[in-house]
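Here it is, the structure in full.
Going in written order, the chains are labelled A, B and C, and every chain counts its residues from 1.
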């Protein structure tokens, strides 16, 4: 089963993210693919905007992070025309959070668990950073950045 | 026209940034040049300090981000002795912002549009992340990090 | 003297960090080693939790950043079985801070000075970013991310 077939099985449709500024959604350099920070935009609408620890629950943040990862994969698929033979090297999860919120990793797992499901226990799990930011573009609750390697 | 000549045309003088801690302004590893987070220091003074959404307007943040990019290029020029044959791979824009600020990409465009002007539509536009931080060194409103590739 | 011997001389015991989510503490890609964001966990306890500019002093943050760096080295040693022939390329210091805190670089120096001591003035000093975040996992005051190159 290809990654695209697995996505279809999960009823996930890959979007074609547009840049919201002067940047590319994803660029390739040698064997590396750098994906720009992705917001949880779904069908043109931001999923679960706001702040963790305030109006957005950890479960809602998890769902938002999953959409961010789908958008990251959409950007990669637009760039490469395929999602095969890729390895997750590093990701960063930016969580818009109150100053006393503590569950950032549980939010970012929404992106990481999808990547692990798709690319496997070895190639789907990379290094990661998760932390709480003061605010995100458009009032988003989560932003997700990804570095992949062609293998 | 070289990048240096284009900078002169724009009346931009390249600085020679000093590190404000135990780090190098820029390091080369293989074909990659990693540039440390740059503040909008101009002639020894921090431009437009404070916070977006509070005392710093989006236009003032844009101007600060542009100075950050100039300082990043100064660090690269000091390291390599040239700004030719470079490609923008990834940048990160750190915007000191209130918890409800939403225009981070418009601020970071101040850095990205200069890079695009200098390096062109292909090599001057890479992946990017922009987000709001709680605070920055010295009370800066913007910090900018850059990853370049020698081509 | 090997790095491990120098660590013993400094009475530093290398831990074997566990991931607090769906990620690897460190991964290798070609000659690069990407280390996940490390918290200042020491003997299972978070050192100096809280916020810089509030309940955590710059000196306490410095001590926390040093433990983060030790944990990063523990993750690398677990992955590679050695700490020899490594170069610091880039690090990121995430400082949980109030909105008016300004001394982030002095905090992150706690990690950077240890790396410089261990790997030397050339190979131990890379590019760096330091900034203030709204909150960190588990209420940590500091998080530290590291990119190394095998030389």
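What we mean here is this: contacts are C-beta pairs under 8 Å (C-beta built on N, C-alpha and C of every residue); 3 or more make two chains touch, one makes a residue touch a chain.
This structure is a prediction, so every number in the text was calculated from the model and none was measured.
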Would you kindly give the rotation angle relating chain A to chain C, two copies of one sequence, based on a CA superposition and rounded to a multiple of 5 degrees? 120
For the two copies chain B and chain A, is the contact made of the same residues on each side, with over half of the numbers shared, or of different residues? different
When the C-alpha atoms of chain A and chain B are each averaged to a single point, how far apart are the two points in Å? 25
Chain A: positions in contact with at least two other chains: 96, 99, 133-134
If you look only at chain A, which of its residues touch chain B in the complex? 19-27, 29-30, 34-37, 51, 92, 94, 96, 99, 133-139, 143, 145
Counting only contacts in the complex, chain C reaches chain B at residues 31, 53, 87, 89-91, 96-106, 108-109, 112-113, 116, 125-134, 147, 149
